[in-house]
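One chain, chain A, appears in both complexes that follow, with chain B as partner in the first and chain C in the second.
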Partner chain A sequence: MADTHSIIGTKNKKGQTYTDTWKMMNEAPRTPSFYTGSEVIKEAIRRASCDVMIAYPITPQSEAAALIGELFAEGYIGDYFRGESEFAVMSQCAGAAFGGARVFTTTAGPGTMRAMENFPMWSGARLPIQMIVTCRGINSPLSIQPDTLEIAYLLNTGMLVWHAETAQDFFDWILKGYIVSEEPDVHLPLALCCDGFFVTHTKDVVNLTPADMCLPPYDPYRSPVPCMDMECPPVRMMRDPFVMKSNYISYATHASWQQEIWAAVERSRKHTIHWLNGLIDTENTDADIVIVASGTAVSQGREAIRMLEDEGVRCGLVKVKALRPWPEEEIRQATKNAKHIFVPEFNVTGWLAKEIRATVPNSQRVHAGPHVCGGMTMPPEIIVSEIKTALGMKTFSMAGRGS
Partner chain B sequence: MSKERIQISEALYDIMPSDYQDLVKSATYGKEDRGWKDIGTSKELIEQHSLCAGCPESMAFRYILASLPNPEDTVMVGSTGCTSLVFPMVAVHNIHSLFGNQNAIASGLKRALSVRFPGRVKDVVVLAGDGATVDIGLDMTLQAWFRQEKFTTICFDNELYANTGGQESGLMQKGFVAKMAPVGKLFDKVRLPEIARESGCHYVVNCTVSKPSLVEKVIRNAVHVAREIGPTYLQLYTPCILEIGKNSMEGLQEMRDSEKPAERFAYKEYISEPAKQLLAELAAKDKERKAAAKQLAGQASA
Partner chain C sequence: MSDYRVLPGPEHFLPPAAASMGIRLPNPGEAHINGVITSEDKAYEEAARQFLMAKVPTIFPGPLVLWAWNEKAAKKATAVRHLFNTLKECVQPGQKPMLIPMPDYRPKYPKINPEVEINPNHPNLTIWHNKIDCCMFIGVHCHQANLSLKIIRGGTSCYTIAMCAQAGHEDAMLSFRDASVEKIMRLADTVKRLKGTVQPRLTSAKNGASS
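Here is the complex of A and B:
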């Protein structure tokens, strides 16, 4: 099988040129295009040299999943089908990845939860599957509205977890995500999350790489575990089937493998920093007040900062791009001057604030909020109001909010 | 033939485990007419196993692995249960991921192998217990058949959850008293062979593993039909002697008793029309090959 380097510059069956990823992402000309987030997912996958995509309908990812089907019909993807449930789809993705394919799928909210048993299995089996999570409510009564609670459940699966703010992030990170995920010292699945509707269903100008360039194909033999295709020796994998045995060797084997998964998450740090230009972005972190956020809460935070500036309150911003690996040192550094750290979130429990509290010294500086959930939008005014209240400044009451 | 894939570097030969050396020396990868008769004269594709003494499942494993028509290009998919104690000792690539998702794994796997190796044979064979196939995994079992996924599903039917200690399963007989069926199972054994036929399987067999020659025949047929036409299903009785109160040496008799004409494991098969045609063609080719070999042998001795 041709290795990745010798294939650069050759063409695939659609006439796209396999291109060095760094050149494609950082040097190739970009075309501004006005697309929905779902269309941007399609355009990224058009350039991703995917072998298999497996789809299932659930709002708000259905459109993206169906658009990938169009790519299959056009011949850009090796195989594509609709599975019968998210649990099955994630297992089908696993099967395809075990067989050496570059795999893509998308899900949301209750689908993420239904499929949950698969995710630690994906990491444990070192399958570099990419899953787009277009977050939505998972509560009962039924909700299809944006809400990021499901991300909290993904954080301890051993998957890489990134949280995109914009459609541009999405486009770039889908492509870069495969490169980080498939590094032999990482070889882990990636949950690439965004806030459903806000990113998937709104139009934005996104700068696209040329459509005639695509990622080098996945090489399943650049892997820490054998590919299940009978192209390499079928070694007996274990002397004893210790998997379910109750003895010290069994415990030690399982323990060391779990440690290895999290070591691989750690090893992804250097690649993620390289490709995403850091795990966080920062603005004005010398200010007394810093907003730390991920996803579209970053956009709302940025707007709140502009509004506060008009009132003479200076405020910094930390955009958390990667949640796993967790940017512990980066967040400590970026908030070292802050007297107040605000964490606006689109979920009821405030999982990001909890992570940050566990990260920074003097965690009483962390204000967990504002929170909105259940599909509510987060007007920048409520972030402004939260900050001014904490500072003892007078705020306008917000109609209908009972304050 | 693909034994070159398992060759050992000369410099490392003496440090390889002896069972691996044996695989290289005398396993039957690539042997055209491999079958159960190779057992005893060649290295089997299963090493030691940790099942209970006398477990019919161990016989089933040995016959199946001896009979796969193309083990050098076969990937097996298992599930959680007693079978998952055996798979680590099986010398074809095999996957365990979760309980019940075996037919979903196999669907993705078969498609990936078809994308990656166009024009080459890569067989996929699922082997799981009845809890995995019929209870927790039923939706994925059936949906793979509805989609006409081209792989073989083998169910080791021991009519209960053996590995967790003998609980009621959907394939348990009605009235059987077991854990979680304290007053006896209240509904009939699920009729999966019939469901398989109605769900689009092209070759369905319900039998025991008492006769190795029969196991060899149905495995070869099931794999060939799945490769060329569509899904196939084998339901094999592998009684859990431990949980039905039998002794180690009684497994074979239990199977013989259960395959009598009026019993629930009397041999039953369904073959679709396209599958019948394929099997007839394969049988004709086989006959031709044997006749040619005989002629050649005759010439040599003349």
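Here is the complex of A and C:
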């Protein structure tokens, strides 16, 4: 049985030093590097002491799966292989995690939907798998452009769900994500989402931790459930499910099991706040108008705020970093002064606005929009226009642009 | 801070997980009593007092201390046995300390003999059958311990204590964290020190463990 503390300072087979994660993320020198989001995923995984990566490398949305294959060839990943489909990949991830491995995978859009059955299974089995979700359109006609609708489906799986704005968020959160999701009181899978294409295919300056430092390895003996054993739940449940026994005890057990998954999501709150420095970031929340957003809609919101400032309209910003656990109290506090709350989103249904409406008092303050979807970009001008329209100010229509 | 308190039941047809009611786990060096963070010192006193008050104080050792899978586990098992022997020495006539194992987590209903073992999927059967009014979980994997503790709170009036090797349990009425041989021995020492100072509760509670 490995003791994590005794491993700190020793080297792995690639010569990387197992480093205290807090020191590695907060005190170690950083090197600015110009990378695509996909390359950033690779660099984070190089430092993540991953045992297994399983890929369904449908390339258009992200090259990460293929790039991590290179890491395997270089000896940074314990094992790496391709599944027959996204469903197979997620099932194989479960197998590896049941066996006590630190597991990584990536998915996007239709692949996420195809594999969906596995995600509540991962949570129920308390498997701390990390899955990168580089969001893209999920409906026909297909699109490889960003559309965050798939996040709405992940919110009730019992997984932790974080939404990165930038490639820098991505790099840091992949590494921190393992630490949060492997805490014994949490021990849940993490869906680390970004708006695909915008983050994965564009280059940005990202400050990387030293490549010769890596996370301490996963210690499966701290798991809240036993390692894989065909006679014990949760594996036993799959061949002898409680639901097959029709009585109060069976149902009560299953109900308690579900409650325990959501209790674990709650417990992740303290660790997520510690590692991400809060579930939300805020700017100028004393303003009458506040934009609340997640993912790259935050960047567009920030630019819209700058444009509005030029016209004398002051706006605040709330960047929602964690969607599960949901920052209920934080959002309530950050929007308590707001007369208008705008929620720009890259999806057709406005799932984030619905969550915020259910969170804040006087929910008529929440303006669900602007929305774009199907891969459309969100020019900051349309956020400006939405705000000015709500305030009764004169604005122009983007529809005529380019005509 | 949450107004919810983790108290002996029977609480509800389906009681909530305490974490979902805003109860937070203690940090290292702390414990909780009824969901309120407290010092470990206070928790030792309260756990010992509850053991000495109970008609049937019971220890439920789980697989992590029942099997000698490493040196630490074997030492913990010896400490648990010492705690049980101390309890037997310190209780008064009419009190009946028990040591009932949770050897594994397989659903065994309806075949389980709840008199001789406890199972996380239906722990209330063992509580009811043996009229247990105070119990301590030790060496049970956290997920299964939380499952059990919540089901016990839902359907019985048993006072639950968790001696957890990890981060603790909100679903117990009293929880230690980072359990070690030293902590188990210190609890035994506290029981010994309080011997004769606590009035045992020799009748079952109103909606009691025997219901």
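A few points about this structure:
FYI, the second predicted complex is superposed on the first by the 379 of 403 C-alpha atoms of A that agree within 3 Å, B and C clash if a C-alpha of one lies under 4 Å from a C-alpha of the other, contacts with A are read in each partner's own complex, and residues count from 1 in each chain.
The rule is simple: a residue touches a chain if its C-beta (ideal position, glycine included) is under 8 Å from a C-beta of that chain, and two chains touch if they have at least 3 such contacts.
These figures come from a predicted structure and were not determined experimentally.
Once chain A of one complex is fitted onto chain A of the other, the partner contacts of A:M121 are limited to chain B, with no touch recorded for chain C.
Once chain A of one complex is fitted onto chain A of the other, the partner contacts of A:G95 are limited to chain B, with no touch recorded for chain C. Once chain A of one complex is fitted onto chain A of the other, the partner contacts of A:P226 extend to both chain B and chain C. When chain B and chain C are set side by side, the one touching more residues of chain A is B.
Touch criterion not met for A:E311: it reaches neither chain B nor chain C. In the superposed pair of complexes, A:G78 makes contact with chain B only, with no contact to chain C. Once the two complexes are laid over each other on the shared chain, residue contacts for A:A255 go to chain C alone; chain B is not touched.
Common to the chain B and chain C interfaces on chain A are residues 226, 231-233, 236-237, 240.
Interface residues of chain A, counted against chain C in their complex, comprise 1, 126, 183-185, 187, 222-226, 231-233, 236-237, 240, 242, 245, 247, 249-250, 252-253, 255-257, 259-260, 262-264, 266-267, 270. Those residues of chain B that touch chain A in the shared complex are 2, 5-6, 17, 19-20, 47, 50, 72-75, 77, 84-98, 101, 104-117, 122, 139-140, 143, 147, 163.
Only residues 51-52, 54, 78-79, 81, 83-85, 87-89, 91-101, 103, 117-118, 121, 125, 226, 228-238, 240-241, 243-244 of chain A touch chain B when the two sit together in their complex.
Remark: chain C residues 14, 16-20, 24-25, 63, 70, 104-107, 109, 121-122, 125, 141-144, 146-147, 150-151, 154, 166-168, 170-171 touch chain A in the complex.
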